[in-house]
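Heads up, there are several structures right after this.
Shared chain: chain A. Partners: chain B in the first complex, chain C in the second.
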Partner chain A sequence: MSKRRPYVRPMEGWWKKNPYFVEYMIHESTALFVAGYAFVLLVGLVRLGQGEAAWNGWLEALSSPFSLIIHLLFLVAILYHTYTWFKIMPITMPPIIVGGKKVGPGVITGSGLLAALGASLVMFALVFWLGG
Partner chain B sequence: MTENLKIIEIEVLRYNPESDREPHLEVYKVPFSDDMSVLQGAQYIKDNFDGSLTFRWSCRMAICGSCGMMINGIPKLSCETFLRDYYPNRIRLEAMHHFPIEKDLVVDLSGFIEKLESIQPYIIPKEPRSLEQGEYLQSPKQFSDYIQFTSCINCTLCYAACPQFGLNPDFIGPGAIALLHRYNMDSRDGAAAERMELVASEEGVFHCSAVGYCSEVCPKHVDPANAVNINKTNAARDYFLRFLSPKGGSK
Partner chain C sequence: MKPGLKRSNAPIFWSLFGAGGMLSALFGPALVFITGIAVPFGFILPADAMSYPKMLAFAQNFIGKGFILAVIALFLWFAAHRIFHSLHEVGIHAGVGAKLICYGSAFVATVISVVVLLGLGF
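What follows is the complex of A and B.
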């Protein structure tokens, strides 16, 4: 009879055991906040379609203290998501060769973050410009 | 090992399938010198305290890939990790995570070996050439397309770092997919379509949720996470191309 009795360790709580996994889990869960914010904007769009009163109601709801706190939370979560998103981007892409050399992960992450910053600035400018 | 030996506490997860119901920790006080690796620490325990302590090793120089273990919870090659970097703290050794423990620090790798076989880790020539036709030629550019993925030493540290593999042991996993990618990227190989079936399968690349820790712990900078994720794109492209061309990618 075989004396083998391989022991399989449980996976419970695996993500708490390594800071790398904790970061991964926070990254994944902050995606919910991205979805949450998209939902807020979607509601705005629906309210806009329902006429001026509905739209103004939505705007008013946005400026309530509760909404401001929620949006602050959104901001923090989405910033974290953006940062960790671009941090893992290098491993998800085929190699980019520039001048015969592979572009390093730092450059890819950096360009991603810069692009996100650039896009945000353009959005801000648009909002200020349109908002008069 | 002579003058001024410091003593470090090494805690080892022990498991004897013949007598233990489950693994337990045991602590050993090991005198060490600055040039001693964690592997040598384990050898000291085996030689001086308990000859039944079981672990794998061979080359002692980070090339055979057999001495992997969890060192303070991080998958590492024990032969290239030094006791001095942990002193004066206690150091904990455990069998590589996510694999069944065979005995002490030795894990059951049979599942990994099966996966290695399944990816056909050899060149299946695009066009057969006779001896008279001479060798297959390859440009430095073509060589550079896959060289990084040839460095894998099958140490399976990436599997010990992959929670998705821990949750589902059928996942082909980082190391084997990196090797699969190595052959797919070789200009002499023509079996990418054959391997695609496995890449896109239930156990294939889409099991990966891009945790990325495998690439972090890989001692040979293979970047297995990159191989896995590039193949997600390849599998998706293959899927859509099948609608366009009757030949498609996979069978």
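What follows is the complex of A and C.
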């Protein structure tokens, strides 16, 4: 083994120097919150499979102040994920041609956000009428 | 395809990422609000909407099963892919170990969800 220690440019905090990369790191890190929420649901599903007492224990944990804070964090982070997902969509998806013209980025982002709003309203209505 | 060229498995992971990203973008915020805030605290929505009989019926319903599995599994496949590819950005060399942890946990969670959902019956 040689004793040479080649220079490796440090990577620490490289993204902090440019607002574009700061935003990139924030929207990438929303994945941690999506994963966190999915794990909460996975625990809930396992508890449901264990019977009524286990399920009620999970429900009780959900109504704790700690759980409320965690879910408010999930809500903010995942809302930001929704916004950035559709904001980036015009770049990540293949171009759509309608009537010989390329559909503009604003239309794609706007349709995505509208679809998310529609999906949310449908879920609220279902829980309201079927869950009441 | 030329002989000796290995077909990449990237499109599989990318599809799961895309599906999970889309599903969480469409349903994520409202789901968090419903299951984590509104129902547990009886705020706006009925407080017994997630009672044991109702959730059991939902999880035994064919559509309900599919929705639960899609949400848990695809959310995690999306997050696993995005976290795995962000490791490089924070200076962590993403090797086989990191790949196993990221995609492996999504895989294990998927298997657990399928087993529990099948165990709950139809």
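Everything that follows uses one rule, which is that the second predicted complex is superposed on the first by the 120 of 132 C-alpha atoms of A that agree within 3 Å, B and C clash if a C-alpha of one lies under 4 Å from a C-alpha of the other, contacts with A are read in each partner's own complex, and residues count from 1 in each chain.
One rule holds in what follows: contacts are C-beta pairs under 8 Å (C-beta built on N, C-alpha and C of every residue); 3 or more make two chains touch, one makes a residue touch a chain.
Note that the coordinates shown come from a computational prediction; the quantities given were computed from them, not determined experimentally.
Taking chain A as the reference, the larger set of touched residues comes from C, when chain B and chain C are compared.
In the superposed model, A:72 makes contact with chain C only, not with chain B. Once chain A of one complex is fitted onto chain A of the other, the partner contacts of A:15 extend to both chain B and chain C.
In the superposition on chain A, contact of A:32 is made with chain C only, not with chain B. In the superposed pair of complexes, A:6 makes contact with chain B only, with no contact to chain C. Applying the stated contact rule after C-alpha superposition, one finds that A:107 touches neither chain B nor chain C.
Legend: residue contacts after superposition of the two complexes on their common chain; A:94 is shown touching chain B, with no touch to chain C.
In the superposition on chain A, the residues of chain A touched by chain B in one structure and by chain C in the other are 11, 15, 28.
On the chain A side of its complex with chain C, the touching residues are 11-12, 15, 25, 28-29, 31-32, 34-35, 37-42, 44-46, 48-49, 52, 55-56, 59, 62-63, 67-68, 70-72, 74-75, 78-79, 81-82, 85-86, 112, 115-116, 119-120, 123-124, 127-128, 131-132. Residue ranges of chain A in contact with chain B, taken from their complex: 3-9, 11, 14-15, 17-18, 20-21, 24, 28, 88, 90-95.
Within the complex formed with chain A, the chain C residues making contact are 20-22, 24-41, 45-46, 48-50, 52, 54-56, 59, 68, 71-72, 75-76, 78-80, 82-83, 86, 89-91, 109, 112-113, 116-117, 119-120. Interface residues of chain B facing chain A in the complex, by the touch rule stated above, are 15, 17-18, 22-23, 73-74, 97-98, 100-102, 108, 163, 166-167, 209-213, 215-216, 223, 225-226, 229-230, 233.
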